[in-house]
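First subunit A sits with subunit B, and in the next complex the same chain sits with subunit C.
Let's look at the complex of A and B:
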């Protein structure tokens, strides 16, 4: 069989060129892989969901006599299928895991300096992938059309509308008119969520991996001592493949258990769309934006040539957009001439590391603002939250910088002097 | 044969080459431009036109306010059933002639409250009737339905971002991010029903 195929496709060449490629092993190198596994599970469970989901908001009579939207009713049907609720829950949890793993993967790349030349393009593609996964998760949120999901999505609709000049058009195209209300909104979000964004994700993930294979993975620190100048690692086939397979099975086992034990998004409890607004919180990766929207005062607005720059625009578009632009420019600012082959230790780059830690504190403080106004949290006032958001990240950055400088300065001089002297970022 | 062809119009002379390239570039440019323009025209079709049906007509003077949800959904609100200082009731206008409830237009959503008439300020009292006040229920911030009620403080609360409105003072914003008060709806009470005495005092719906 192998010979028959080899004579026709020259598999041996593929084997020599790609399947024996050495991949370095380090526990922090598996984060991107976990995001990939989450994506695979999302596609598989998503296929199951599309087989039974009805993308329509037309009201139909349910078997129990209630008049319900077709989309909501079809989710109730999915939940009634054998393991239907578990598969839907697994889809939901995997979306969380994909965003979380992609974010941690980004932190690993950032803290180990792996975005530097020659990997600038793959850093940009990776940022795009994180953005795409978040947008994909958002477009899927309203599909069950329960009261909770619709209310949470309405906030996103408002943010899209807040873009000066083009906001209304952008929101109308994405949501098919007014949201909620338009009959076209679910077909449109459905098409974006199950077809276009996944296709884009598959293509971008493929490109991300191809570039990584072409440029070779960064080497862990120990490789520099063991075999300086050589590519260390285990062959893609069979060792790396076995590790990936085992990790994938572990992923499946854990998510299947979590999905079954903690059923996500119980639409029967949330109920169909009604005029009563439930107390909603967006998913955790949107909480920081949601928090910013709560504390930005309404007076932050002005108009230029009919374009309105309002609070939702600042909190929902400008702040995340600025972070994205800074991240995209990073490899072009933090440059150096020699190629980066080994990962950098975070402790040897106190400025970069302490700013990253400060940024994480900013996310945490803005997330805290998302809890403003909750029962029992009256002490979370707007002035206090502004102080926390401005002061805590600054202090954290300064303290961690000073700590790292004093703790690691001697070591860093001793170690990085050898093959690749980098600037003290 | 080839000699003859090359004599007058040698296609390989630099001038001929340059003009041929310019023509091709212009042709490609025009083609791409025309394609983009026609795509924009198709793309404009993605923005749905708003169609006005009897159910999406804006609220008008004389409309009867009916329950927006709950067991009595679609039935006229009886002001006697509103509890003094209790949580607001969400309602929609109903065309008194056709009896069509205009609940497909979000900006028609109204909230009703019964408050102590003496506690209302002069401006609010003008549009109230027997202590019943009506406001647009669509939050000015991001368009959520203002459906929570801080009973202790007698303040309307939007569940989305904790925007707070004081119903006794023309829904003045007393907390949170909303840029403006929700507009009041002047009402009158006739035969145990609540009627819109005019349209909303300002444009309802979120600020865009």
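Let's look at the complex of A and C:
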């Protein structure tokens, strides 16, 4: 069989050229693979869901006599199928995992300086991938059309509408009409969620990997001593493929276990859409934006040429936008002349590392603000939250910078590493 | 970052446990406020658990990579030293896999006939099947697979 295919497609040449590509070994490289496998599982479980989901808000009679929206009823049907509830829950959990893994992967790239020459473009593509993942997850949130999901999606609808001059157009493109209310919303979100954004994600992931293969992976620092100037690693086939296979199986194991034990979005508990508005919060990756919206005073608004600049615009568009622009400019500000082959040690770059830690504290404090007004959290006042958001990241950055400078300043990168424990193989 | 060490993955596993515990405490806090156990997870719990799952995966595969591939690579071919114990372990895992798979199929058949799902049992059995397969492959790689480390020129002609 192999010979038959080889005579026709010259597979052995492909084997020599591509399948024996050296793949550097380091545990931190698995974070990107986890995000990739989350996407694969999302596509596979998503295909199963599309077979049984009805993207419509028309009201139909359920077997138990209730009049329910078709979208909501079809999710109840999916949950009743053998293994259906687990697969739907895996889909939901994988969306969360993809965002979390992509964020941690980006953090690893940032801390190890892997965004520098020649990988500037791939850094930008990675930023885009994180944004696309979040938008894709958001567009799927309302699809079950339960009371909680619809109310939570309203927050995003409000942010889209808050963009001066073009807000209504953006909201109309995303939602297809007034949300909730319009019959066109669910079909619009459905087509964006299952077709256009996944296609865009597949294309972008493909480009990301293609550039990574061409530019080569960064390598752990010790490789500089073992094989200087070379790319050292295990062949993509079979060794790296075996490790990826193991990771994929472990991914399925952990996700299936958690998805079965904790159904991420049990729609029966939330109930179908009703006039009663539940107390909701957006998903955790939007909670920091939601927190900012809670503490930005409503008086922060003005109008220019009919365009309204309100609190939702500052918190939901300007702050995330500014962070995005800073991240996009980073590889063009923090540059180097020669090509980066080996990862930089975070301890040897105290300013970059401490700013990253400070940024993480900003996200955590802003997320905390999302809980303002919750029962038992009366002490979370607006002045306190503003203080926490401004002071904690600044102090964290300063303290970590001083600590790192004092601990690592007199040691070079090579010296900072512990003595070699000996060869692995 | 210096080598494929076991320190960071171990820390990731500990951190993952702490995140799961925080999610548990969050649930306890909500239960205390509401006077009953909530039916659904809060967004905070979902976020903590999502990061907990990623770090669990990362910690597990990181430690496995350290065990299977070592802390540092050295170019050349490396041959395993097969022994009877891994073979016995593989056979035991294969038998377990057959048993768990049979049980999993039974739960699906039961669910199909009775229209009653037990997601925790189905998810747990499926997870056990996947984990057993992962362990079998890991054992094969460690004790029976010939390993090779390449040191290639960085100017390859693939993809262009």
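Please note the rule applied: the second predicted complex is superposed on the first by the 412 of 425 C-alpha atoms of A that agree within 3 Å, B and C clash if a C-alpha of one lies under 4 Å from a C-alpha of the other, contacts with A are read in each partner's own complex, and residues count from 1 in each chain.
Operating definition for what follows: contacts are C-beta pairs under 8 Å (C-beta built on N, C-alpha and C of every residue); 3 or more make two chains touch, one makes a residue touch a chain.
Since the structure is predicted, the reported quantities are computational estimates derived from the model, not experimental observations.
Undergrad: A:274 in the overlay: touching subunit B, subunit C, both, or neither? Say first, second, both or neither.
TA: In the superposition, A:274 contacts subunit B only.
Undergrad: Scan A:317 for contacts with subunit B and subunit C and give back first, second, both or neither.
TA: neither
Undergrad: Of the two partner chains, subunit B (first) and subunit C (second), which one does A:293 touch, if any: first, second, both, or neither?
TA: first
Undergrad: One more residue to check, A:229. First (subunit B), second (subunit C), both or neither?
TA: Only subunit C is touched by A:229; subunit B is not.
Undergrad: Just checking: does A:205 make contact with subunit B only, subunit C only, both, or neither of them? Give me first, second, both or neither.
TA: neither
Undergrad: Residues of subunit A touched: more by subunit B or subunit C?
TA: After superposition, C is the partner touching more of subunit A.
Undergrad: Where on subunit A do the contacts with subunit B and the contacts with subunit C coincide?
TA: none
Undergrad: Applying the document's contact rule, which stretches of subunit C touch subunit A when the two form their complex?
TA: 1-5, 8-9, 29, 33, 39-44, 46-47, 49-51, 53-58, 60-62, 64-66, 68-76, 78, 107-109, 111-112, 115, 117, 119-124, 126-128, 130-131, 133-134, 137-138, 141, 145, 147-154, 156-160
Undergrad: Can you check the complex and tell me which residues of subunit A touch subunit B?
TA: 151, 154-155, 157-159, 161-162, 167-169, 172-173, 176-178, 180-182, 184, 274-280, 290, 293-294, 296-299, 301, 308, 310-312, 372-373
Undergrad: Quick check: in the complex, which residue numbers of subunit B touch subunit A?
TA: The contact residues of subunit B facing subunit A are 43, 46-48, 50, 68-69, 90, 104-106, 109, 137, 141-148, 158-162, 173, 176-180, 206-208.
Undergrad: Can you list the residues on subunit A that touch subunit C in the complex?
TA: The touching residues are 17-18, 20-22, 25-28, 30-31, 34, 79-86, 89, 93, 96-97, 99-101, 104, 111-112, 148, 210, 213-214, 216, 220-223, 226-227, 229-235, 238-239, 242-243, 245-247, 249-266, 269-270, 281-285, 287, 341, 343-346, 371, 375-376, 416-418, 420-425.
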